[in-house]
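We just call them A, B, C, D, E, F, G and H in the order they show up, numbering each chain from 1.
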Amino acid sequence: MTSPTENSASSKAPSSPAPRVGVIMGSRSDWETMQAATEILQELGIPFESRVVSAHRTPQWMMDYAVSAEGRGLRVLIAGAGGAAHLPGMVAACTILPVLGVPVQSKSLNGLDSLLSIVQMPGGIPVATLAIGAAGAKNAGLLAARILAGEDAELRERLRAWMESQTDQVMADNVLGT
Amino acid sequence: MTSPTENSASSKAPSSPAPRVGVIMGSRSDWETMQAATEILQELGIPFESRVVSAHRTPQWMMDYAVSAEGRGLRVLIAGAGGAAHLPGMVAACTILPVLGVPVQSKSLNGLDSLLSIVQMPGGIPVATLAIGAAGAKNAGLLAARILAGEDAELRERLRAWMESQTDQVMADNVLGT
Amino acid sequence: MTSPTENSASSKAPSSPAPRVGVIMGSRSDWETMQAATEILQELGIPFESRVVSAHRTPQWMMDYAVSAEGRGLRVLIAGAGGAAHLPGMVAACTILPVLGVPVQSKSLNGLDSLLSIVQMPGGIPVATLAIGAAGAKNAGLLAARILAGEDAELRERLRAWMESQTDQVMADNVLGT
Amino acid sequence: MTSPTENSASSKAPSSPAPRVGVIMGSRSDWETMQAATEILQELGIPFESRVVSAHRTPQWMMDYAVSAEGRGLRVLIAGAGGAAHLPGMVAACTILPVLGVPVQSKSLNGLDSLLSIVQMPGGIPVATLAIGAAGAKNAGLLAARILAGEDAELRERLRAWMESQTDQVMADNVLGT
Amino acid sequence: MTSPTENSASSKAPSSPAPRVGVIMGSRSDWETMQAATEILQELGIPFESRVVSAHRTPQWMMDYAVSAEGRGLRVLIAGAGGAAHLPGMVAACTILPVLGVPVQSKSLNGLDSLLSIVQMPGGIPVATLAIGAAGAKNAGLLAARILAGEDAELRERLRAWMESQTDQVMADNVLGT
Amino acid sequence: MTSPTENSASSKAPSSPAPRVGVIMGSRSDWETMQAATEILQELGIPFESRVVSAHRTPQWMMDYAVSAEGRGLRVLIAGAGGAAHLPGMVAACTILPVLGVPVQSKSLNGLDSLLSIVQMPGGIPVATLAIGAAGAKNAGLLAARILAGEDAELRERLRAWMESQTDQVMADNVLGT
Amino acid sequence: MTSPTENSASSKAPSSPAPRVGVIMGSRSDWETMQAATEILQELGIPFESRVVSAHRTPQWMMDYAVSAEGRGLRVLIAGAGGAAHLPGMVAACTILPVLGVPVQSKSLNGLDSLLSIVQMPGGIPVATLAIGAAGAKNAGLLAARILAGEDAELRERLRAWMESQTDQVMADNVLGT
Amino acid sequence: MTSPTENSASSKAPSSPAPRVGVIMGSRSDWETMQAATEILQELGIPFESRVVSAHRTPQWMMDYAVSAEGRGLRVLIAGAGGAAHLPGMVAACTILPVLGVPVQSKSLNGLDSLLSIVQMPGGIPVATLAIGAAGAKNAGLLAARILAGEDAELRERLRAWMESQTDQVMADNVLGT
């Protein structure tokens, strides 16, 4: 099995800064949801990498990825999965980095299964769970930014500006049905 | 971390036969539920071992336990867990033995979270899920017996007798409220 | 009523080996879901038969099928049904073979009714329940393979290879969004 | 297996009229719920019998009971069960008598599983489902009375009087908190 | 407000027999679901009438309809409604005829609201609840037939034949995927 | 059947002002929940009456009560009920007064059935639904006060003072665990 | 941040009467649902304004809007929101006007999340909750009308006529399937 | 209204370091749940303050608290609430600090309402949601530690030791039922 380090060519160009956030997901089909996380990271100028890491189909690589993440300079992990979604909790069990879990909307139960199997972690291993689907993925990106902003004054200002612009958009155009 | 092999003194006396079934659970508090599985195994004369193996608190040992189970002669694994219950699915990802999952009744959501996070596995990694709570644990023991009975004619007869006796108990005493 | 034995022309050609797995379902409309089970059995070289057997519309044949299954050489039964899904539990009540239940996604409640009426069996009669829909059907096929592999070293190797190939597919192509 | 006819000593004294309603339940523990049905039948003077008949533990007797019910003079069947509650639906599959299903409150899911596995029958086999628990059992007795009253003018009057007395009780004492 | 008697031109031609079953529903949009009930009544030769009777929009007519139903010769009422579905329960409160309730699938909650507001009646007023949607409507028709068959030997035979033909259809064509 | 007018001795002493709010509930057992509504009305000096009015057991009186409420000077109706809770919706169908519905916590489904059968009203007949249980009953009283305050400046000030005092209680004592 | 007063050009022409009802919603995408409220207000001749006011994206403006609403002559607030829907409850916390909450149907959980986060308010702050989606929005408009009609005899007559016409539509055309 | 700054005497003695984490909750009754968060913060040596801050009963103070938190040196906010739980989301709307939400188990719906109204935030405002009840509160404390550890090597080591000790406890005593 390839070690994650060999495998981890950043999703950014060679000269780009080392990734601070690892965005992982249980299968390729989760990418449609999870790119909402990477888009916001890009918008806020936070370097990241994104990988398919399956708790069930690549358990050993999942553990290697989680165990080595801190050493490779990652500061936050975002993990998306659907159905019996074990990826966020298992990754959180193998690292001390903050792990943010995104429940991907499932086919039959609409993501209620994904949500409960991510959020209902036993005391001892925290997973920061966001909303089901793309809104949750976007918010995972924003939460990563809030976490990293604690030690990065510039990011703090970019984040503040992002929020103000979000407020301004509502204020500029709030009269309906005239 | 101790390897599971060093750690696996059978729960039976030294002269007892090697365990065929491994009964594991995410925490000591699950034992109240899971002993319904071991009772039926005992009643049907199937050697087993029982351990606390936590997907979240002992992830490495969990993987070692699962990976080494087949080589140690185990033929069926029974895994009980509650809440965001990842143990059965993660064990199933690390072995080709049949894994039977028992959703332990949780405090706030009554085991619906346990059930969904065990049963809703993605295609590729099967977990044979039983009912929530002690009824499910008892049935996990019976299902292990049905599986092992495929190659064990004596067990097949003990199992058949057990079912007939269950039927007889209902038939013997079915008139109510007289 | 025709006995199942007369009726059971195998779904394989005359010279093919006797079926080891019986795949049954409550109605023709379940076939779209359940063929995910037969595909995996075919892929792993496990002979099977597939039938519509309705607990509600053909209760006597259902019982005959279940009672005679062991004698006809079947080793595992896979039963799919939707809504108030009684087929897996009733079949399990009439045989000592392992019965694997697949909840078919229902129209109004998305398979939550199918799931609960299959998985919540009382202590005494086990049904190994899989996920709702095609993922569950595929996993039922894989679980049957894990069960049969206990006494079949060649199948064990085919199964191991299947899992490794599944892992390799994820590893080979896990970088996203570059 | 004893045939239900040999086994069916009425729950009334020898000289009492032949039972018109069969009240059956999946296990002795359901009796606490189901006696609300027999109490109302007694109150309205409708002869009945009550039995433990388990779809899962006594499948053959269940079928015999259902198939022979019409011939033995029963006109309505009331069946209570909990969890994966298959008794009402299976009995309905084996008779043309009206079958009334009572979902018994289950331990972990509070009877939601019982309700869905009784009410969500596929088109073709009807089960008249009542509320979860004792209220449902009482109403099953009343529904049986409404059904039998179609051809029994005296019962019709007793039923009408029962409803009027129920109304009067509310009217007589409806001022609160004075 | 027109009285139901004036309004009740049967849905059959003038010379057709008086309706035995009243099929009512809360709104025109429920007709798509509820005609599955009238089709089976037609198939079994049971005269019926069908009306829109809204508990919420025509409460007085609903009460008049329910109160006068017995006197007009109706023997069974079938009531379909969706969402906060009060029609079946309110009709049952105003008659001693058996009332069969059909939960119509609702837009946001898929009929779970319809089901719970029909089935969870308090002790004292029974509603015989069927499955959500068209399967439930069809079964309401069949349940009405089972009820009426108690005093109608010819209907009993037509019903028995209908069930046998249903069985035969499954038996004739149960081999899949050959 | 007694008309509600004869029956409506106010729950206040003879010289007290005519009730502005009618607090009704489906059964005596709902009183434990519903008195939270009357307590807040009393605290805010709003005259009220409280009655058991059952949609299912006293349907005619329920209609009479609803139809006559406006003429008797009531301005708001508060209706509490549990399970298949039809009282609020049926009352709303028979008056143009604002009707506030309180879902009483039910035994098996914890009030989810009560909530859905009150809140999911079809377009055309509004019921202002509050939370399940005593919190909802208290809020029904407060909502009645907010409605009546629109035309009553003194009540408006009492209500404002009540809210400020509620805020002050939190502010006065908000440091924990010191 | 613009104050709501500067921002509140009525959605009606300058000469139109001052709005009595404020219809607000968490995002532009809620307008498709919420216009069912404004349509009924228009039909009943009740002046209103409609705005996007987001609890999460414009928290300060939301508070300003709520705090100033009473002083600006508004008498009822209607607030629609989806998912973790905080708008109705937060507005109710900042005013003594009656606040009517409309749960907008959400993508993954179909509005069950919207419903629970609006209706389950703690004792002390009431929100009058309506059904999920457009039916709830329409009923919010009707409930506002019922509230305002308490002090407006003409509106009372328009409302009564509206309800009678609704009844007449059902009565005029209630025979089905002829 | 007192400003939070005047009101914020730390829950630690005067000489203790300034709090890095603010633990707030909607009512005093949530303290039983939320102290699991403060215990773990204490154990890991992270200074904190704990307050009752109600979104509904003290909306202005809630906003003041959230807006001033960053300036007062807080780095992470933990907010617990039950039912229609708006506190975490509203606080997150008024700060750029990471906000961790703990759903407190509610009386009727067991915390499902709390969970959905905290986790289902719209894209734009993230809340890091933990499990329902005390396990979630404990994990909120641990997640705060993981976040703060990013810039605090000593805390990182204390956290690592804490996790290892948790693993050791399971490993030391994992044999059951001997």
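Keep in mind that, in the parts below, contacts are C-beta pairs under 8 Å (C-beta built on N, C-alpha and C of every residue); 3 or more make two chains touch, one makes a residue touch a chain.
Per UniProt, the chains are A, B, C, D, E, F, G, H = N5-carboxyaminoimidazole ribonucleotide mutase.
Keep in mind that what you see is a predicted model, and the values were worked out from it rather than measured.
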{"item": "Set of chains adjacent to subunit B and to subunit C", "value": "A, D"}
{"item": "Option in E-G, G-H or A-H whose residue-number contact pairs overlap B-C by over half", "value": "A-H"}
{"item": "Classification of the subunit E:subunit G interface as same or different, half of numbers criterion", "value": "different"}
{"item": "Rounded Å distance between subunit F and subunit G, as computed from the means of their C-alpha atoms", "value": "21"}
{"item": "Where subunit D and subunit F are represented by their mean Cα positions, the distance between them in whole Å", "value": "36"}
{"item": "Multi-chain contact residues (two or more partners), subunit B", "value": "27, 57, 83-84, 109-110, 112, 119-122, 124-125, 127, 131-132, 135, 166"}
{"item": "Pairs of chains found to touch, sorted by chain label", "value": "A-B, A-C, A-G, A-H, B-C, B-D, B-H, C-D, C-E, D-E, D-F, E-F, E-G, F-G, F-H, G-H"}
{"item": "List of subunit F residues in touch with subunit H within their complex", "value": "105, 110-112, 131-133, 135, 166-167, 169-171, 173-178"}
{"item": "Residues of subunit H defined as touching subunit F within the complex", "value": "1-2, 7, 9, 11, 23, 25, 27-28, 31, 34-35, 38, 50-54, 57-58, 61, 83-84, 107-110"}
{"item": "Interface residues, subunit C side, partner subunit D - complex", "value": "26-27, 55-57, 59-60, 63, 82-86, 89-90, 92-94, 106, 109, 112-113, 116-122, 124-125, 127"}
{"item": "Footprint of subunit F on subunit G - complex, ascending", "value": "36, 75, 96-98, 100, 115, 119-132, 134-135, 138-140, 142-143, 146-151, 156, 159-160, 163, 166"}
